[in-house]
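Below: a set of structures, written as structure tokens.
The following pair of complexes shares a single chain, subunit A, combined with subunit B in the former and subunit C in the latter.
Moving on to the complex of A and B:
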């Protein structure tokens, strides 16, 4: 990564922009969202497993070899994403991937006018609830809203919604935890 | 014992259920990118504030708190205050919108707590009267008044020559094993019945040392007005870092509130608090460790650039409030440990320049048997003089200069023995005055007795006493006065100055005592 932070930021922006434009041209918003999910998984995996990060930035390895190694590891991701990851590895490593993801999220919002809302529930959403959440989020956040639904069987019920770094936790688990804390505190 | 009825259970449950908050709030959430060495790096939390309390949700939903320290472009660097082992990468963190707070109130008196205000003495939970933020703005000039009340340590050498006032910041500095903590403990013991609340903050000490200290204070009945904040060497660096600030916060509660727990004002006086930070060099080391692991650039002696700011904002919280604000005070006695007497090291020079004076303890004096080993030549109190009791001012005014010229002469006479009468007399007086300042541990002296002891020395009553007998003479004289001339002590206590009448009665009493004492060894 360049030592100058302005250059580093420009590099991050180029990766994010290239990826978004290619995926949007090829598969529209669905492809864009798919790559976002994949990048999130890779970032989360890299945080707790340092080995791949190290290999991808190993200076003793030829840049081309690093690129092919990373491409091989992420061969099940979209072609565009694996290519970008390969270039990143070739040019120094995957350390900047979290920043690329953040820039990618900003582009989704600013360039495509789409707000991604992650919704976690115990049971799958029905259409009525889906519309309700979409409309509510659209009013609050503006722009088009894309819901990314997740099922968490550890939840007792309720819903957790997050957009960007804001999060609304209306899950039963959290509510019960609140009750527990209150009952513990009041003498 | 209160009877538990079905109705009381019903009422309690209802009250608890009414306190439930079922509102759902939107919160800012970040993710832990990296964790290790008690430090977490967090992605997100763009609205986090410097010093804000962060809530980490770790393994099994366990909550661990942290302090936001580094606010960078892409991430936040935070120090963890609790069990760091339950936090992993990808765990969630959210901001709380508040800074670290500690409980305070009368329920804490006599207790030993950690820097988060949680009890660690096994005496059960503490019922807090209120919470105070650990970081708090120091009062401005208008809210203060000059130091004008004495804070008696009960130590003759200090109260006479380096007087400390309520609201002052007086540094206790010296090498290891020179009696720094002993002075602090004696000062606490001497506060009995003085309407003073004492807070002793132990930073980076052995847990056994703290336990011994608590035992000592309990033995002398000092724990009932004392709170111990303990961040031992085995505690994490962030806890050692916030310990002095937590101590100040606990003390501020008493200063800003009256006896009734309501805010202090002209009609509701604030309390007086003595805060001892033992020691700030260890706090600086803990802060250095934190800063380096947070990748802040190191400066002199690898301390971060804002270590001066850290100590100055802590010590600026020592204050004597104006009468409109209740007139309470917070006296700070920070302790600094030097290495081989090097006061020009970074942290000692910083704290010397922040405080209103310093009590300098010297190894040589300590091993010569001069205890407390206060070097009166370089110890000063810049503001305490105006708070000194008049009686003490009358007798101790020239003591410092006399002792300084004695030391100079003493060094001179090592080269020759032919001395004129006046010089010999000055040397003899100096030796006796130096001996007079020796004092045992845990035997603080009331100020009127200190004044009488110095009066006796200054008026030549000790000149005919053997140097070895001086401390015995002092003790027995005071016993004699307490027994046979209690009126003199009482008058001095109420008048607070030596009047002609007191002086003549005192002279007669000392002469009388001396006649009985003389038989044990008088200089021909």
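Moving on to the complex of A and C:
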């Protein structure tokens, strides 16, 4: 089993490294970040739609057919990403895509020296806030900081910042939920 | 008993001897009519000796043949009476013994009946005490359960009310924040939170 686990990790690392190097060579950090965003969307889609995952790992289907199927589904993504996804489907399926994404993020941090911070707010950030957040992340995490902004109108206010597995939730929703819990417990 | 029988037999034999002499010598029996003086009461040897011989002969005959049969009959009768008396005595003793046994059994039966009644009474008292204790325990448990249920319901109601109050309060605050703030106010709030928020390394 360890051999299989190591083999799987090596396979994941190869996918992530290949994708990162190709995208970085082609379009720099913007292309890398764009592919990262697309991979996140695909992972989220696969979690809620298991049919594609099943089709991509269907042993009764020929590997080449699975590859062409996945490439066709993700033809609107970058060419490098769709190619890697096709190879994944050809070699067994898209189950390892979340681990590829995690390895991809590690490579962005370790190989490119870039820290990606995902920021979720109710209103768009201005430059002052971007600099403020970048400086905070740079001081605490190091490297060049790239912000990925997302607007969520369901948020009452505040901000959620995530960098890999690290997360700062300073949203109004979370605060009010804490207040609600405290009121129910103590009152 | 034997003596009395022998005496009676002797008297009977004397009478029989006199009667036989009177029958055997009727002329001699009335011969004294011709005597006078003391001679009238003295026996005439001519009459006396035959009568004596007849008497002795009769006596011997009776003693030889009559008396043993009579004595045997009397003895048998006496034995029968004795046996009957013994049987009666045995029956009486047996009856008294049986009566004593019956009385003893009756006394035992009375004692057993009294014991049974006492046991039944004791059992009834015990059962009544058990039933009463069980009923009291069940009643106490029911009361405790009801009290616990009421307490739980009270707590649940209070918690629900508190939850409702908390939800309402949070909703009010949420509405105030959600629609009552401008974008600049939101950004000012974000800036404040970024400055006051914890570190990435601490999370």
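General observations
The rule is simple: the second predicted complex is superposed on the first by the 183 of 187 C-alpha atoms of A that agree within 3 Å, B and C clash if a C-alpha of one lies under 4 Å from a C-alpha of the other, contacts with A are read in each partner's own complex, and residues count from 1 in each chain.
Note that in this section a contact is a pair of C-beta atoms (placed from the backbone, for glycine too) under 8 Å apart; a residue touches a chain by one contact, two chains touch by 3 or more.
Computed from a predicted structure; not experimentally measured.
In the superposition on chain A, A:180 makes contact with subunit C only, not with subunit B.
When the two complexes are overlaid on their common chain A, residue A:141 makes contact with subunit C while staying clear of subunit B. In the superposition on chain A, A:4 makes contact with neither subunit B nor subunit C. Between subunit B and subunit C, more residues of subunit A are touched by C. In the overlay built on the shared chain, the residue A:76 is in contact with neither subunit B nor subunit C.
In the superposition on chain A, A:60 makes contact with neither subunit B nor subunit C.
In the superposition on chain A, contact is made by A:129 with subunit C only, not with subunit B. Legend: residue contacts after superposition of the two complexes on their common chain; A:102 is shown touching subunit B, with no touch to subunit C.
Residue contacts after overlaying the shared chain place A:44 against subunit B, while subunit C stays out of touching range.
In the superposition on chain A, A:121 makes contact with subunit C only, not with subunit B. Contacts of subunit A with subunit B, set against its contacts with subunit C after fitting on chain A, overlap at residues 166-168, 170, 177, 179, 183. On the side of subunit C, the complex with subunit A involves touching residues 159, 162-163, 165-167, 169-170, 173-174, 177-178, 181, 183, 186-187, 189-191, 193-201, 203. Interface of subunit A with subunit C (complex): residues 121-126, 128-129, 132-133, 136-137, 140-141, 156-159, 161, 163, 166-168, 170, 172, 176-177, 179-180, 183-184, 187.
Residues 15-16, 19-22, 24-34, 43-47, 61, 73-74, 88-90, 94 of subunit B are the ones that touch subunit A when the two sit in their complex.
The touching residues of subunit A, when paired with subunit B in their complex, are 5, 44, 47-48, 98-99, 102, 162, 165-170, 173, 175, 177-179, 182-183, 185-186.
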